[in-house]
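Given below, in the form of structure tokens, are the structures.
One chain, subunit A, appears in both complexes that follow, with subunit B as partner in the first and subunit C in the second.
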Partner chain A sequence: MTTPVTQVRNKLADIEIGRYLPLYNQLTEEQRYAYKLLLPGLVMMFIIHFIPIMWGALISVMGVDSAYTSNWYEAPFVWFENYQYVLDPRTVIGSRFWYSIRQTIIFAVGTLVLTYVLGLTAALVLNQRFKGRFAARTLLLLPWVAPAVVTLLVWRMMLQQQSGIINSILLSTGIINEPIYWLIGDNAIWSLILVHSWTQFPLVMIMLYAGLQSIPEQLYEAASIDGAGRWQRFRYITFPQLKPVSAVVILLMMLWTMINFTSAFVLLGSQPPQAGQVSILYIYEFAFSNFQFGRGAAMSVVLFAIAMTMAMLYYKYLFDEDFTEESR
Partner chain B sequence: MDATRFPHYHEHDNQNHNTMSRVTIDDLTKVYDSANGSIVAVDELNLTIDDGEFVVFVGPSGCGKSTTLRCIAGLETVTDGTITFGTKDVTEQKPKERDIAMVFQNYALYPHMTARENMAFGLKMSTDLDESEIDDRVKDAAHTMGIESLLHDKPKALSGGQQQRVALGRAIVRDPEVFLMDEPLSNLDAKLRAQMRTELQQLQHDLDVTTVYVTHDQTEAMTMGDRIVVLDGGELQQVGTPLECYHRPANQFVAGFLGSPPMNFLDVKADLEDGVLSHPGFALSLSESVTGQIERTELVLGIRPEHASLVSTPDAHPQSDRLIEATVTVTEPMGDVTNVYLDIGGESITVTTDGYPGVQADDTVSLLVPEAKIHLFDAETGTAIKHSDEPIDSTATEETTQFAETAGRS
Partner chain C sequence: MIPDELRLTEAGKEVLFGLLTKAALGCLLLYALFPIYWMILSSFRTRAEITAAEPSLLPFDRAEFTDILSDPTLILALLEYENYVTMWGRFPVFDYFVNSLIIATVTTVLALAVGCLGGYAFSRYRFPGKSAVGGALLGTQMIPGILILLPMFLLFIWVQETLSFPLIDTYHGIIFVYTTFTVPVAVWMLRGFFDSIPTAVEEAARVDGCSRFQALVRVVLPMAAPGIAATGMFVFLVAFNEVLFASVLAGGDVTPFAIGIQSFETQTTAYWGEMMAASTVATAPILILFVLFQKPIVEGLTEGSVKQ
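Moving on to the complex of A and B:
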């Protein structure tokens, strides 16, 4: 009796993969098995990431605008005209785009520093033995686990100039005399960094915490016998031992922050102050409210290229040696 | 290995090093609190380790040897008692204030530092020597350990034996008052371990630094230490030279722990009037000098495998009435010797013979257990009553015993 499953399996077995993929014949049985296991993941990656990236790259060289919203494929190829247009700092569009890139980098670096400091501090605290550390760990994860929109809207309310609790506290304690415009004007970028870091630091914390847990206790014992004090043990044992996990965390935080849309959009709205208009918000506004899809796609590709370049430089110059050595 | 390569070690001697590095442990007690109640890891331990002495702590897992070492290092807090270095009470001091160096079982080298940085770290942290002085001392220590060519490598690039050398180098470069070693050789393969054993002994001899060495390996205990300290269940069982502990064990635990194959034990009843030890498989007459020491009737007879012998012509033997009949169960030829396992009245005992015992399984043999070589222990307390007469010092045959004073402790 052949079930449908076995019929499919037999059909699949009949396909000579080697005929279509000559490299397949060079793989060992074990490698073939590994690729088969990877296949579902690769297919998902292809559909969700690779196709849209390619599509975006294609649109970025086409004149897709309001006239071609339903039949983008009929739009003419304009090649690098879109890029010239959005990268020209003499135009309003171009200068605002460059400004948004600057704000994006401030956003990424600021978030990186703040999440790392907060995450490392929290991880070091959690790594101590104290009563209720498991409860504390769960609590500290909440900002990251809670739905982003909820967290962000609460922050948005708290940061309101007139009715927000933060200004209210600062005013009543006499730290400030005038209410601060947190979400409007130049402060917007700092508020964005603060709030985004709040939602992201638990991830850094939990990764560094795992890193701390993997440092052998004997290294600390050896160091204290060698005469190292508390700070020196941190400086010479903990910090270097966290380097591999820090490398990953920093890379991810940097890239994820550069392409983060949710925090900026929910906190600052669809009409953000210019200081808070990071590239991804600007691209969204430019492309979807002006129906300038070709030019928006060109901006996206530029942002993508900048992010990838930064990642590559970071990887190559800062962590290459230790990174590959540790993972060997 | 030549101590003259280490000029600064001699400076130390000039500073009246002698009284400085005597380690005195007074009533040391360490109690761990756990969810299931408290566990006494070390129970009122008393011990004095002389300057320059190599003392080996030995015992089974959980006997408290490592805990004691960690208390000396300052890595564990002490529940009760004091630890003194020379005249200085260090009980409450942090490890870095104690001027000690420690070698760990898994080396505990700093993975992100080169061998040189590993060795220099302690000097950098605890002294105000400048870079070039530190560098000189690291080079000296590396020379002593024969690892000059490895100084630029990180631990990951080194073999286990090389890592061990770097760890030892890291300890000696500090020129500490006390070396603490926690099973430093147990991660090495058998051949390298034997080599490092002699090398470590020689190194300790050359540097003349007080050393406390923890091991569960009785070969290391027997061969390396000036004195060995046998621990069990957190309690001191015996302190003595290796041969003292081997031939004059304070109690049945020490007797059974040292020696491979271990000492044979048989439960016997003493008939004091007739002077006979009786066992279901045999009866053994005792001379009056021995029966005079016996007060109880429930005893344990101990005989080391190498002290019992197989007699090939029992009828012609001068002590034929003392021979015990036994059945061979297994023979274990080791090359130089053969271990013969015998069955006596349902109990198994081991006899070590020369390489060619001429017997095989199921043979019936005659066993000679010389009175002079037997040990007797109180069956209830395990305290030693009689020892074998083996000399414990190459220069003296008289019984120079420390067991008498330690025997009562158990």
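Moving on to the complex of A and C:
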């Protein structure tokens, strides 16, 4: 008597993979085992990442619109017309798309600067010895742990023009005379940066904190013997030693902010102002309100290309700098 | 030049630096915690209190505080619980919670199962194409979701119509998508945790007659339990917070909390108090779990970025 499980197992064992994949025969038994362990993950990634991306590239050169939502394969090939259309600043769509890219870059750079300043300050404070340091670290991590959908709505409530607590505090302390529209008009992008940074700075903090902890104590001792002050120790030891971690942090924050959808979508509500429509939100609104999938896919590819180019330029810059430093 | 009398002594510098540190910490804590405090406070307030022109920053006024000092049980009597009662009837909040729990829990279990296998393979074996696969795993985190969502939406419609197998607005559709998105992160985090377990452990198990797979399941996985818990919590949070795919692929009966909670703000009225009550209910268990299990979570997060 064999159980169904062993039957299936025997069937699978009978398949001669080497016959279909000649390379398989060259692998050692251990390597084959490693691939078997990885297989489920790789298959899933192939289905949900690789296929849709290729498909997205495909429909970006096809005229898929509201007439072709259920039979996309019948849509005509328009080749680069979609790209021409969405990148042409003379059309309404094109100019709005360029504007959204501008806002995305402001969003990414603004968030990067704010989270880095906040995160570095917090990491340096936590690196001091004081009572309750562990509790402080826990509390400072909470903005990142609390579900973003929830905290973004709390910020939305706090930033309301009439009933929001932020305007109320600013008015009563006399900093402003008129209530500010935080979520409508041009201010939306600054509110977005402020709130998104609130959700992300703990991550920067904890990464930089781990970096600080790994700086060897002897470096500081040697510097103290040489008479270096607090500022000099920071300038000539801490900051250079943090460089590798900072590089990773900066790259991740830039990329993740550029492709972040949740913050703008939840904070700015159902009718996001133009200034707050970062590219990914603009593409979403554009593609699903008119079922313009071909053009939407073209915009997505452009956004992906911009994010990737920035990442690569940054990587190259890092590499070049390391290279020159080593050759010196 | 600064005159000598005004120059700080070494001791003075220490004191000043200590004060600056304290002040920075205070500001950061205020920035970090005020929204969470405000959420909890607002959830216990009536509509009129929330929309008041100058809302009080404290939960009670002076008279109430002096009363509470003399009799602490009064706190319970002075809070407004109304929101926690009425929120369930305003919108199907309970269904949103259940949907999110189902989606996020199943996603977590599946992503951990697949992620443990992959992470273990990465940690213990050398195989051709290892760095390429590792790069692809990280690369998936750099793809804008919308690039995948548009073709995926068409794919789901297509499968639904040609194979009559429902995918949009179903649990299995959104769970499949979320599992795949979280597997790369899970593999990456778990690999770090497996790296910290000495290989001697499995070798001993193999000598005792375990198969390779038994050694993994019976010996290595229990030792990696804190890391697996941390990864699980991370995956759960990602699935709980996702709105881009959920807003398109998970509507109707499977609407998760992340989308449903936004319905408390309608075109005409915003039910802030009830929204904050629902938010508090969603946030409290997560924050408590984090405070309890933060050590492995924090380690797992920093592992990949710092230890290279």
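In the analysis below, the second predicted complex is superposed on the first by the 269 of 328 C-alpha atoms of A that agree within 3 Å, B and C clash if a C-alpha of one lies under 4 Å from a C-alpha of the other, contacts with A are read in each partner's own complex, and residues count from 1 in each chain.
What we mean here is this: a contact is a pair of C-beta atoms (placed from the backbone, for glycine too) under 8 Å apart; a residue touches a chain by one contact, two chains touch by 3 or more.
Because the structure is predicted, anything quoted here is derived from the model rather than measured.
Annotation: superposed three-chain arrangement on subunit A; subunit B versus subunit C shows no clash, the two fitting side by side. By the touch criterion defined above, A:218 lies against subunit B but remains apart from subunit C after alignment on the C-alpha atoms of chain A. Of the two partner chains, neither subunit B nor subunit C is touched by A:8. Once the two complexes are overlaid on the shared chain, A:313 sits clear of subunit B and of subunit C alike. Within the superposed three-chain model, A:117 lies out of touch with both subunit B and subunit C [touch as defined at top].
Touched residues of subunit A, counted separately for subunit B and subunit C, are more numerous for C. Looking at the shared chain after the overlay, A:176 reaches neither subunit B nor subunit C.
In the superposition on chain A, contact is made by A:226 with subunit B only, not with subunit C.
Of the two partner chains placed by the overlay, only subunit C lies in contact with A:42; subunit B stays clear of it. Contacts of A:67 after superposition: neither subunit B nor subunit C is touched.
Legend: residue contacts after superposition of the two complexes on their common chain; A:304 is shown touching subunit C, with no touch to subunit B.
Taking Cα centres throughout, subunit A sits at the apex of an angle toward subunit B and subunit C that amounts to 80 degrees, reported as a multiple of 10. For the pair subunit B and subunit C, the model built by superposing on chain A gives 8 Å as the shortest CA-CA distance. No residue of subunit A lies in contact with both subunit B in one complex and subunit C in the other.
Residues 13, 17, 21, 24-25, 28-29, 31-33, 35-36, 38-39, 42, 50-55, 57, 114-115, 117-118, 120-122, 124-128, 133, 136-137, 140-155, 157-158, 161, 176-177, 179-181, 183-184, 187, 212, 237, 240-244, 247-248, 257-258, 261-262, 265, 267, 270, 272, 275-276, 279, 282-283, 286-287, 290-291, 294, 298, 301-302, 305-306, 308 of subunit C are the ones touching subunit A in the complex.
Of all residues in subunit A, those touching subunit B in their complex are 216, 218-219, 221-229, 232, 236-237, 240-241, 243, 322, 325, 328.
Within the complex, the subunit B residues that touch subunit A are 73-75, 94-96, 100-102, 104, 106, 108-113, 121-122, 125-126, 154, 156, 170, 174.
The residues of subunit A lying in touch with subunit C in their complex are 27, 30-31, 33-35, 37-38, 40-42, 44-45, 47-49, 51-53, 55-56, 58-59, 64, 69-70, 72, 118, 121-122, 125, 128, 130, 136, 138-143, 145-151, 153-158, 162-163, 165, 168-169, 172, 198, 202-203, 206-207, 209-211, 214, 230, 244-245, 248-249, 252, 255-256, 258-259, 261-262, 265-266, 269-270, 280, 283-284, 287-288, 293, 296-297, 300-301, 303-304, 307-308, 311.
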